[in-house]
Amino acid sequence: MNASVIIFYCIAAFILITGLLAVMGRKIFRSAIALLFSLTGIAGLYFWMDVNFIAAVQIIVYVGGIVVLIIFSIFLTQRSGEEMPKPLMKRTIFSVLAVLSGLGLTCNLINQYGFGSSSNQSAAFKADVADIGTQMLSTTEHGFVLPFELVSILLLAALIGCIVIAMKVKHEEK
Amino acid sequence: MFEEIGTTEEGDLIINVGPQHPATHGVLHLVLTLNGEIIKKVEPHLGYIHRSIEKMCESLSYRQFIYVTSRMDYLSAHINNHACALIVEKGLNVEVPQRAQYIRVIMDELTRIASHELWWSAMSMDLGAFTPYFLAFREREKINEIMEETCGARLTMNYMVPGGVMTELHPDFQEKVKSFIVDFKKTLHEYDELITGNVIFQNRMKGVGYISKEDVITYGCTGPVARASGLRSDIRKIAPYDVYDKVEFDEIIETGGDCFARYQVRIKEMSQSIRIIEQLIDNIPEGDFQAKTKAVLKLPKGEFYQRVETARGELGVYIVSEGAAQPYKIKFRSPGFSNLSALDHMVRGHKIGDFIAAMGTLDLVIPDIDR
Amino acid sequence: MTKEELKIKITEIHPEAIIDESGEWLNVSVEAAAFRSFAEQVRMDELDLDYVFCLTCVDWKTHLTMVYHLSSTTHRHNIVIKVKLDRNKPEIETICDIWRTAELHEREVFEMYGVVFLHHPDLRLLILPDDFVGYPMRKDFEDPINMIKL
Amino acid sequence: MFSLEGLTNFIHEWLNGHLPATFALLVEFVIVGVAAIGLFAVLGLGLVWMERKVAAVMQIRLGPNRLGPKGIFQTSADTVKLIMKEALTPSNADKFLFNLAPFIVIIVAMLILVPIAFARNFQIWDINIGVLYVTAVSSLSVIGILMAGWSSGNKYSLLGAMRSGAQIVSYELSAGLSIISIIVLTGSLKISDIVASQENGWWIFKGHIPAIIAFVIFIIAATAETNRAPFDLAEAESELTAGFHTEYGGMKFALFFLSEYINIFIVCAICATLFLGGWMPFHIGSWTAFNHIMDYIPSSIWFFGKTIFLIFVIMWFRWTFPRLRVDQLLNLEWKYLLPISMFNVLLMTLMAIMGWHF
């Protein structure tokens, strides 16, 4: 067991613990912060794997964007400081079942394919920023230009929808 | 009043501005009801430095009570004293020597400049600009020095007495005032360059805290606040006292009614004050500085009212006399109290930043409101 | 408008008013019951007294007197309205819907003299603490701790 | 020639000569960590002192002048005072988050320091996504402010945090776009590549008008992102007493204060790197003799000189301008800066394709 592996387990444990805190917490703001740490931990994992670009994107999109949005919406709701009521028994059971089935699926997958050796992994991840950019806009067989454009049109539509919803209806002024 | 802290039933936020808050310049307590950043209501809670000056004056003689009034609007201490001296003179029918009248008016105008400078610096600071504070204090210091030489005090001068002024002018007075005028004309230009022309400043001020002429009248606003909405309300023009009817000056009237108009009125008033001082400073007549009065003053039975124009607006003194050596009842109609009542009307529907700007342009002095 | 014209006008509005010309301005004494309608008329009519520049109360030990100083910003004439009130149960109609400035002034008079302004929208203590008992500006107010008699 | 490059190489070789590779790496980690913390302390003290002196000069007064020559030890004395102060936690605060927030802010500030090139070959980690890394990590600092504002249990703090969140999230866009417009020219996100590409002239000169526009927008956005006047709405002391750090005192407040100055340093360093060539001396095209003379000035001096000049500009803003209102602030970003910088990126791309830049 070398230092790299120790770091991996540390990061993984951090992600899991903060993830659990996010789910189990009764204070909504604390849950959001725990979620934030969990997502930052995933970014850390990407850094550990030396895929810096994905790590940076993870931070920008999830941490800087989505969690900030979540926190904002928490601010806008009332009583964000108080403890939330205990969840219903039925819900707890179903979520435990969902977690167990997810765990089973993952274990099954790992059993079938196993972890690749670490040397192969790092070779596979040698993705330069420039390569990602080229791949995104390439029109060849494995190019991503069509999904990329589709996603951007979807986002644009969402953006315009947001503006329309948020737009003030101008009252007739005297 | 403290159980109001929290949220209202509609979910609006209630916050307390004051009694200790950087923008209230004193112990003013305002309770704001906010919807997000939008102000829905402003409610003043007063009395943190109420000293009941009116009650106190009922047991002081007509010579003594003047000094207490310096502590009301401490930035216009001279002008407050002037009002009290005038009302006693009115009751006793004392003719004030010309020399004293000239000196009083010069002192009043110097006080007005000093007060407006302090307003300018404090208001700029409320808007987040720090440098004006020091620039204005540089000029104000010169006025304070002139005051100190003649009156012996810098803030609460107590220079006016019934019948004139307390002492002779300092020999350097005229020379110093003249050199101050020369300097100040240059610095006024500097103020405009630093703040008035600034885009951010103008955007913060224009169209903010609007109050119409009708509202100004019904809310009883006076002074620069009223004049910025187009109401002619300068007591120095309406009911001139001392030598104000002999000097030439313009009553500054703006019609904007917003914070920027109030700002402009005060800035222009400073140059009008300079104009008044320029006309008087070389022509102070020789003669007594104080009329001869009895040792114990007794106003005849009756009611007296005197209005003067302080830096903040109309100060009224109402005295009911029973013929004794002390006033039976005294009431100070302070400009700040009425101006404050218009604040709620001005800032409803505006943002917190606008509230601060509007409060800055009202030029509130808390002891003037609380008395 | 001169004093004479004012006097004629006021007598027209309210014939029972007692007018005293000795002071600087015209003093008009009105009874409390008629005060409200009188105030409405002097505001609306051609007198156009649109500006209350002083509002206070005087404690005469036997009774209280409300004193209103009114002015017109267009005609520049002033009058003083006086209303005599019962000291034990001082009540008067509010004027704060006619002149908005009266709102705070009336609250001040309410706590200092104990005058109750009927139909005032928000008659609470303004300056004094909430639990304060007594009317400090009345002549018989005693506070052995905070008051120093000269 | 005096250079920091020699020093790092010497330490690296010496350690590798005397210790096994893993331990040498660990020792280097420790040295870098201590150096970063030391830099933090020195920068914090120095910049606060500089702020005071700049303010004093602009306000016709003397500023600190008692402790040490020109008062340079004043800030150290202040630090001692802040350390000695009791660290209060309000009773209705969320204690854990309240105490965590200042550390989040300071750790984020420390993390951004990583890819900055202080001198020729003097850099903690020349990460291949350098500028993107800085943008990404700096978006974390808003979390610390939101946490501080929410957990204080104070409405002024909450309002300050809301303002700050809205402000930082919006201004990140135009800051990012003006960074992108330089990236279009360099073709690399790596800090060392960006600096190397300015060997024959800084981008602000080589990039014509679009580069100048990008520079101005970046300075404005940087001022806003660091919550400095005229964009200091988050702590607007006349409106919200002290905004998100109203309830903090002692060392916890000092950490916020420190991180503010470190953030200023970082954005100015990034600005200097992108537009003014980082540690690259002032070179003009092919004037070899002139360029050679310029090379005699050490690269660290070039870097710190440019950065401190930019810091001075930001301080100059603070002591001159009044504060904006919150809606004006957002209008400025969304209605003016963002469209301009979007257009500017297009212009820059066109210029890069046509090869109009030098």
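By letter and in written order, the chains are A, B, C and D; residue numbering begins at 1 in each of them.
Just so we're on the same page, a contact is a pair of C-beta atoms (placed from the backbone, for glycine too) under 8 Å apart; a residue touches a chain by one contact, two chains touch by 3 or more.
What you see is a predicted model, and the numbers here were worked out from it, not measured in a lab.
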Completion exercise
Touching both chain B and chain D we find none
Problem - Mean-CA-position distance for chain D and chain A (Å) - result: 28
Fill in the blank from the handout: Per the C-alpha centroid definition, the whole-Å distance linking chain B and chain C comes out as 25
Exercise for the section: Compute the distance, rounded to whole Å, between the mean C-alpha positions of chain C and chain D. Expected result: 63
Problem - Inter-centroid spacing, chain C versus chain A (mean Cα positions, whole Å) - result: 70
Completion exercise
Residues of chain A that touch at least two other chains are none
Fill in the blank from the handout: Where chain C touches two or more other chains at once, the residues are none
Fill in the blank from the handout: Listed in rising order, chain B residues that touch 2 or more other chains are none
Exercise for the section: Considering only which chains touch which, label the overall pattern as line, ring, star, complete or other. Expected result: line
Problem - Touching residues (chain side chain C, partner chain B) in the complex - result: 22-25, 27, 50-54, 56, 58-59, 67, 69, 73, 76, 80, 99-101, 103-105, 108, 126-130, 136-137, 149-150
Handout entry: Residue ranges of chain A touching chain D (in the complex, touch as defined)
Key = 3, 27, 29-30, 33, 36, 40, 52-53, 55-57, 59-60, 63-65, 67-68, 71-72, 74-75, 80-81, 128-129
Handout entry: chain C-facing residues of chain B, complex
Key = 1, 44-47, 50, 52, 54-55, 59-60, 215, 217-222, 231-233, 238, 302-305, 307, 314, 316, 318, 320, 328-329, 331, 333, 337-338, 340-341, 345, 370
Fill in the blank from the handout: In the complex, chain B touches chain D at residues 13, 15, 21-23, 37, 124-131, 133-135, 138, 194-195, 198, 200-201, 203-204, 351-356
Fill in the blank from the handout: Listed in rising order, the residues of chain D that touch chain B in the complex are 55, 58-61, 155-156, 159, 229-230, 232-233, 236-241, 318-328
